[in-house]
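Two complexes come next, and they have one chain in common, subunit A, joined by subunit B in the first and subunit C in the second.
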Partner chain A sequence: MTTRAHECLMRMYEEEHDLESYQGSIPRWCSGCGDNAVLAAVQRLCRDEKLRPEKTVFVSGIGCSSRLPHYMKTYGFHGIHGRALPIAEGIRLARPDLHVFVNTGDGDCCSIGAAHWIHAIRYNMDVTVMVHDNQIYGLTKMQASPTSPRGLRSKTTPRGACLEALNPLTVTLGIQNVSFVAQAVDWIPELIYDILSRAFHHKGCSFVRIVQRCPEFLPELLDPWLHDPNRILLLTHEKGLQVSAALGKVYKNQLEHDPTDLDRARAIASAGDPMPVGILYQNRAVPRYEEMRAITPLRTPELIQRGLETEFDKFTVWPREPAD
Partner chain B sequence: MCASTSAELKPTTATATATATASRAGSAKQAVTLAEHVIEIVSDSGEGAQRCGQSFGAIAARMGNGIWTVEIIPAEIQPPARSIAGASGNRIRIGTRRITNGGNEADLVVAFNEQVLLGRVRERELKPGCIILLEDMWRDDPDARIAAAYRETCEQLVKEGYDLREIPMEHECKRLVSDPRRGKNMFVLGMLCNIYSLDLQLARDQVAFTFGKKTANVIESNVALLEAGHQWAESHLDFKYQVPAARAKEAQMVVNGNTALALGVLASGMDVCAMYPITPATSASHYLSEVFENVGGIVHQAEDEIAACAFAIGASYAGKCAVTITSGPGFSLKQEAIGLAVMCEIPLVVVNVQRGGPSTGQPTKAEQGDLLAACFGSHGDAPKVVMAPSSIEDCFYSIITARKIAETFNVVVVVLSDANLATSQQPFSRPEFDEAWLAPPVDQSAVPEGAKPYDWDPLTGIARRFVPGQPGGMHTLTGLAHDRLSCVAYDPETNEEGLRHRSLKLAALQKALKTPPLFGAEEGELLVIGWGSTQGAIEEAIERLRAEGREVSSLHLRFLQPMPGGIKEILKRFKQVMTIEANWCDRPEDELIDESNRRYSALAMMLRSRYLTDVDCWSEVRGQPIKPDAIYRVISNKLAQERH
Partner chain C sequence: MGPELQAHIAFHLTGKRMSAGLQAAGGLHLRPGLLARYGDLTRLRYDFPLVLVADRADQTSIQSLSALVNKILQDIAPRGIEGEATRRHLLRLEREIRTLAANGETGTLSRLWDLAAKRIGAPDDSALAGSLSRARAVPQVDGEVVDCTYRLPAQLVTHAWTALQQRKAKRRSLEFKRLIVRLSDILQADFIRSRAGTSAARLKASVGTGMEGAFDFEALSNALAQVSGKDPLPAGRRQRVQQALAVLIARRSGTQADIGGPDDLQSCAFANCRDALAAFRDRLPKIIELVKAMAIAELEIEGRYVEATHDPFFADFDEGSVGTKDLSLLPDYLVFIGSESLHGPENAGLMEILASEMPFKVVVQVSDVLEEPALRAHLGPVATAAQLGKMAMGLGNAYVVQSCSSHLYQARGRILAGLAHAGPALFSVFSGSARHAGMLPPYLLAAAAMQSRAFPAFTYDPAAGPDWATRFAIDGNPQPEADWPVHEFAYEDEAHQRVTEQLAFTFVDFIACDPRHAGHFAVVPRAEWNGSIVPIGSCLKSDSSPGGGAIPYLHMVDGDHVLRRTLADEKMLSAAYRCREMWHGLQELGGVRGFRARPVTPAAPAAVADSTPAAPATKAVAEEAEPEPRSDDPHIDTPRCTTCNECTNINNRMFAYDANKQAYIADINAGTYRELVEAAESCQVAIIHPGKPRDQDEPGIAELLKRAEPFL
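Now for the complex of A and B:
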């Protein structure tokens, strides 16, 4: 094992950061929006993991969820609709020393960015992906999204959405190279934190779907789950989440699920209701694209010149190279 | 060698179609000296005419000749055998002087069957009376229809005045190899080396180089075929040429435009190339995939064109300048992401190897149809730098320049190559490595207290970029309108401030650009303006016209956006100005077309709007490189019209 120079430098000094160190501008989400819960968990995570703000990048697409980087005091990249993942992959490949997070929504990830979603799972680059899934387009004011339940009345589906909702968990679990899939709900903040923490420590593409409420457009959609703890299925395991005693008292519907069991994870994801919360799948052995593509030689002008001259030699017609 | 020459040839050729240049004496052939010649080799796909042509070009270049090779590519990977649309091969223009374009119609054509030959005849690529060396095996084909088609075509070609020579290629190759379909091309290469008096040893070396990865057996049998072809031509053909070589003083390299682009990426010190396969750009990425890692770079094949651009933006944002290489349709798909890079001021190099459009258009054919999309593409005001290499050598250096500009001004630089440059080969001086080509290491120093991520300089619009990892530089980049702190801002002043400064950067660059040199005199009757791959053909035509005493000059633009200063003054010194381009312009002879509705070619339109000058245009959009002769005729006509 070699230690990279930048890693040595990183270890040279430790810094203490409090929550405020990660707080950017004041969130402008609606009160009661699930995005607030995600932001709180992420800021806590950064503090607890002592992430250096300048070494941390939050990348997002477009939508309510994608405003999150603005509310962090780290580097952020609020890009274009659906393309957060490839931008984050470019950053990851270029800079192994950075912590890269992606915040995306159900429209951003599962609709306009769906191709990138599938391939991001395949690349399995070390990125923590949060899909803020409120099952509606909020920023454009209430159009059906791919995860909207069938029958949902929205501005674009006034007579009810005619298509069955897409299940982001089953899709993700069906993609080759999947290495981490988890689900959280915005109304159990403790578990958002626990799950994101596990996701952050997973080396690879960790996909976390956060089922969250849109108080503006779908205030009651998730009430049945919110009000009936038994419709939440807590996935616990020694390799997965351990639930606190207090939480265990409320959420009694628990299932011991080994997150290395892909078939079981798929079955749980497909069942859908009760809603699983926890880590569905984790496989630490899946190779990461940035590792497989890692370039070993240090890039120096000499290296580039040598490589270039070798190529020039191949194409030089006059004078002829010495006969070999 | 004093074999009876024409006696061996088939009856149709034993006619009085001998070229004036060939000696029919029974004694040793006298090589006729030529200043230049255009040779085509065409076959069905997979028969190796392309390899034959490329090798021939390479040998000629090694001799010290000027060459320009053009690939003849069918649209399909495996078109049906013996089809008119299936011609696959190479055109080689060989000369004593430096050759800058594919030239006019061919002087000599080698064809492996008469159908692919007909394809070239119909595309008007053959000079009247040109020599045709045609595989004769079809004459006695067991399929009566094939034999009839062959005989009929031969008769027709002879009637049309072509100097047709039927050659028993298959027959001769069978003496040496069991499957002449693989290897006939080396026999032809040998014939051509004999016809053009090329050094046989150089040819052997070239064959060894070409098949370097194969076994010694393969090399041996191909060399045997080469020698057999050489011998056969020596004994059976009654003509021989010599194109004297004028060897350059400096070391010379031969590559095609796409390889030159890829070498430019290597030399520019860029770290990442993100791409998605698309014709005719992909071969640049193929080559780059092979060699980029040797110098610590990476080619990332993304899931689509948009992802390729977004990936490149991500890498560039993080401090490793990136390039994305594409062609027309992919360029259209990338537009939103390009706009993001413009808005966020992330350096990015986008290469568009143009092909025929719109839509899927003509994937393997050359066109210059994307200039306006490059300059004005992406919604809103999205100022980008647009440059166009005009030679193979220029493909190499343009990429180095593009990265420099991208990182100096934090802009998107679009490099417009095209299918003509992509597949053409031309020797140029081997570049001498310069460390200044490379990028400095990623800046990770702390930013000064109070520094802003978009602290636009009021004069140049340039702001120092903060790269992730720089302590104190934390900010969130956004494609939304933003202020100097990179905070979303919708107020009118801030919005205009951002637009102004992003635009100013082009003006700042423009002040650093040199006025391009004129080809010809400083003033005159007519100025022809071009851009991109047409430079060689335009200048060749201008040279001929000037030799005839015509007062014409030409100007070739490497920077299309911003355009360098001093052009207006040049335009004023000519009575008339016109552009010659390979993109559509309405034809004035069409009944409905008049001054009030004519759609001009792209550059003409840009020049008219910028310089308020009457700029005419002529264009050809046939998918083929524009020929110097065509340009010569256009300019001659234009000058004649004005005299009336």
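Now for the complex of A and C:
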């Protein structure tokens, strides 16, 4: 009915931020890089949700994608290769009051970070994960990544990649405890924003794969999907995304898909072409690890001291009685 | 018309026995027919006695003995013939415990269990002892055993309230601890960064023994001098944090009567409203101080305290600034009153409590619903105490539970919810009293009150929803859709044949239980039974107003278990009609029988439906009618911009980003047509449309027009 006094008081004084106040350094991505679209969408999200910069943190690994924390004027953690997710999980446990976002790439998440990826989905901690999937190792100047299509010629696959590309969507949907999987494409900024907004509001590990163009190394790879709207399959539903009229006029290939239907989500994810865009799966009932393992005794100095004393007492050496 | 009929009619209309045939009802130890089977309650398996389990704050804190025994049997006695012996033994034990409780034996379940076991001969009978020890081995709850007596409402509600208060005290203590730790952290962090915190002595102490020799603490302290001591905690903030900390630490020690630890619960239980209100008012200043300190603490911990806005607010912090949720951590006040003490100032105090937002839980024990009115104006019994619950509901703010003591076990969920409710709560419980019960045990009297709708059960939860449908419930009553509950009544006629009838238990049956009103009834001798007297249930069934012509009688059973027909006079009938009216009102509120208030303007929704289609139609037309920008004008489909910087890198005065960091043409004159075309070609999503050139003399215009072709 009524709120506590301090909650009223906090609402009395709410700060408004505009997009610019979330801008850190000037982005150094190549012009035309899809990372710029993701950055703009994320800044819009922070502004619209009125996220306090000191309560927001962006965690990344290594790659072009992982430069994003530098360009946000919030807390950031540019970690080591493949370890963005475990660092984010640690932050979530230590600072449950922060909003945690993860920026990782197809190499950082699906290659070196594959082990952490599987378990991050299982733990289902409340983080928003953005996988900037440009299907190449960009920062290291063009090597094939797990999501590179078969036949791609790169510096490590001069005769063309011989393996079929990994599908991050089907892998994630196959992991126990998965609670939110969505796919966006960087040339439809309105949907990036909508999907990221839903991912942010979802309480759990929100996995968003953003299919992204690399204008430097793979300038034409995604042209067929870029130029032909019918090769994009928009997933709409009252529980999922609702598409605006203007967008619906351009992208007519739409499918009504209930995000709670896991089997159908897996089928859609496997199909590949047309490229599904929207929320594939959402399950609000999956518990979050940080809540299951919340530490209830408050860590007061007395508690810590008692714990230390108990441990030290195990090693106390008592003087031996002199033998007679 | 025979003389007997005349006498019957005369009695019915006037209440006076004119003939020798009709006998007085008093002195015959009559009870309503439907209650005849329940002579010895200890031989029945029903909810009572209850076990009040300690240390639980949910519904499992109140359990029924029969349910517990059933659960044990489920665990240890297999289905079928092998478990039969165990079942019999355990049921015998249960009956013995029930008898002990009915005879006034008090104590915990384990104590009564042992006593009962001894009484039924457990030490001598090895099979029995075996069953009982296996039963005892099942992990069980233990608690005080209470029977349905006149003290039950007080015992049950106090038990539930105590458990909830203890849980609240734990939460409170945790909350205080959390705030104290976080506030201390602020001061600690400031100290560590200060000059005093980075002195050589402190640095040495923080390193600990063993590694002291490795450091030159003076040098370290001097090195840190360049950064420490800068940007200390502002004096105002330090003072606020310290004051809040002081208040919280003082309260946490729990010696103050207003915010007590578990053993301070007695200071929150009262025997009348006046004392409770006085105590609350006395403690109010301390409560205000505490709530203020907690609010300041929360703001400082979040770093959201803004002096310009919040200082004036806290300077004026008084009881008006304290809300229900702020009080939810502090103890509730429990008040017990008997309905006979509700008059004058006490009544006013009760209304004040129920109309407020203060966390008071009031239990009113109603011992009598059939008081004779002060003026004997031929009205017959009037149930006024039963209306207390309805009056409280009218105030709108309080959680109201009305019930009879026989029904308290089923109502335990609602009672706990009421005790946990943030604002005031009223528990109006009919328990009857020994003076007016005649021969009926308290359980039957209370059950009769509920069955006869003299004291129906209901719950009103103001927080459950926006309307009466969600807030009000009468589902705890037997057969809530009927006027009176109908039960099967079996008896033996003169030919020793079994006859069954469907009998309603009406308000008149309830009045007949009360020896004070025996004068309104007269027993008809067997010889005078005829068709002109009808069962009262069918008399009342007709919706016609009183005076339908038939003479009502009740089936009653005397001390020898012989069935008697007892006439009731007209005043009884009127009283029953009034009772039924009030019950109908409750049914209407509770949505039973579809008596919902009819919608006032059925036409209105249709009108609204007509107007809304018009709006989207006009909007759609507007969208269509909006002229497409002429392809001659250069423009950008801004909502589809992916912020890729290609165009802004070409000319950042012509192309600029809007508030959403999406590109638009800021100044068409700031660049050339060539730049427009180049931007269109390099735009990743092809949303730049160069249009027609404004300056036809621009060099290379022909080639540019050809290049611009696909983007127009």
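Rule of thumb we're sticking to: the second predicted complex is superposed on the first by the 291 of 324 C-alpha atoms of A that agree within 3 Å, B and C clash if a C-alpha of one lies under 4 Å from a C-alpha of the other, contacts with A are read in each partner's own complex, and residues count from 1 in each chain.
One rule holds for everything that comes next: contacts are C-beta pairs under 8 Å (C-beta built on N, C-alpha and C of every residue); 3 or more make two chains touch, one makes a residue touch a chain.
Just so it is clear, the model here is predicted, and its values are computed rather than measured.
Q: In the overlay, answer first, second, both or neither for which of subunit B and subunit C A:188 touches.
A: second
Q: According to the contact criterion defined above, which of subunit B and subunit C contacts more residues of subunit A?
A: Of subunit B and subunit C, B contacts more residues of subunit A.
Q: For A:105, using the defined touch cut-off, is the partner it touches subunit B, subunit C, both, or neither? Pick first, second, both or neither.
A: In the superposed model, A:105 contacts neither subunit B nor subunit C.
Q: In the overlaid three-chain picture, which partner chain does A:318 touch, first (subunit B) or second (subunit C), both, or neither?
A: It touches subunit B, and subunit C stays clear.
Q: In the overlaid three-chain picture, which partner chain does A:93 touch, first (subunit B) or second (subunit C), both, or neither?
A: Only subunit B is touched by A:93; subunit C is not.
Q: Touch check for A:298: first (subunit B), second (subunit C), both, or neither?
A: both
Q: Taking the superposition as given, does A:215 touch the first partner, subunit B, the second, subunit C, both, or neither?
A: second
Q: Contacts for A:83 in the overlay, against subunit B (first) and subunit C (second): which applies, first, second, both or neither?
A: first
Q: Check whether A:240 is in contact with subunit B, with subunit C, with both or with neither, and answer first, second, both or neither.
A: Touch status of A:240: no partner.
Q: Report for A:307: first if it touches subunit B alone, second if subunit C alone, otherwise both or neither.
A: In the superposition, A:307 contacts subunit B only.
Q: Show me the subunit A residues, by the header's touch rule, that subunit B contacts in one structure and subunit C contacts in the other.
A: Touching subunit B in the first complex and subunit C in the second, residues 54, 298-299, 301 of subunit A appear in both lists.
Q: Going by the contact rule at the top, pick out the subunit A residues touching subunit C in the complex.
A: 1-6, 9-10, 12-13, 18-19, 27, 31-34, 36-37, 39-40, 43-44, 54, 186-190, 213, 215, 226-227, 245-246, 298-301
Q: Contact residues on subunit A for subunit B in the complex?
A: 24-25, 52-55, 57-59, 69-70, 72-80, 83, 85-95, 97-98, 115-116, 118-119, 293, 295, 297-299, 301, 303-312, 315-320
Q: Which bits of subunit B are touching subunit A when the two form their complex?
A: Subunit B reaches subunit A through residues 58, 61-62, 64, 205, 247-248, 251-255, 259, 263, 266-267, 269, 271-272, 274, 291, 293-298, 300, 302-304, 306-308, 310-320, 322, 336-337, 339-340, 344, 427, 430-431, 433, 435, 438, 468-480, 487-488.
Q: Under the touch definition given earlier, write down the residues of subunit C that touch subunit A in their complex.
A: These residues of subunit C touch subunit A: 174, 177-178, 181, 291-292, 294-296, 298-299, 302-304, 306, 309-310, 313, 321-326, 357, 422-423, 463, 623, 639-646, 649, 659-662, 682, 684-686.
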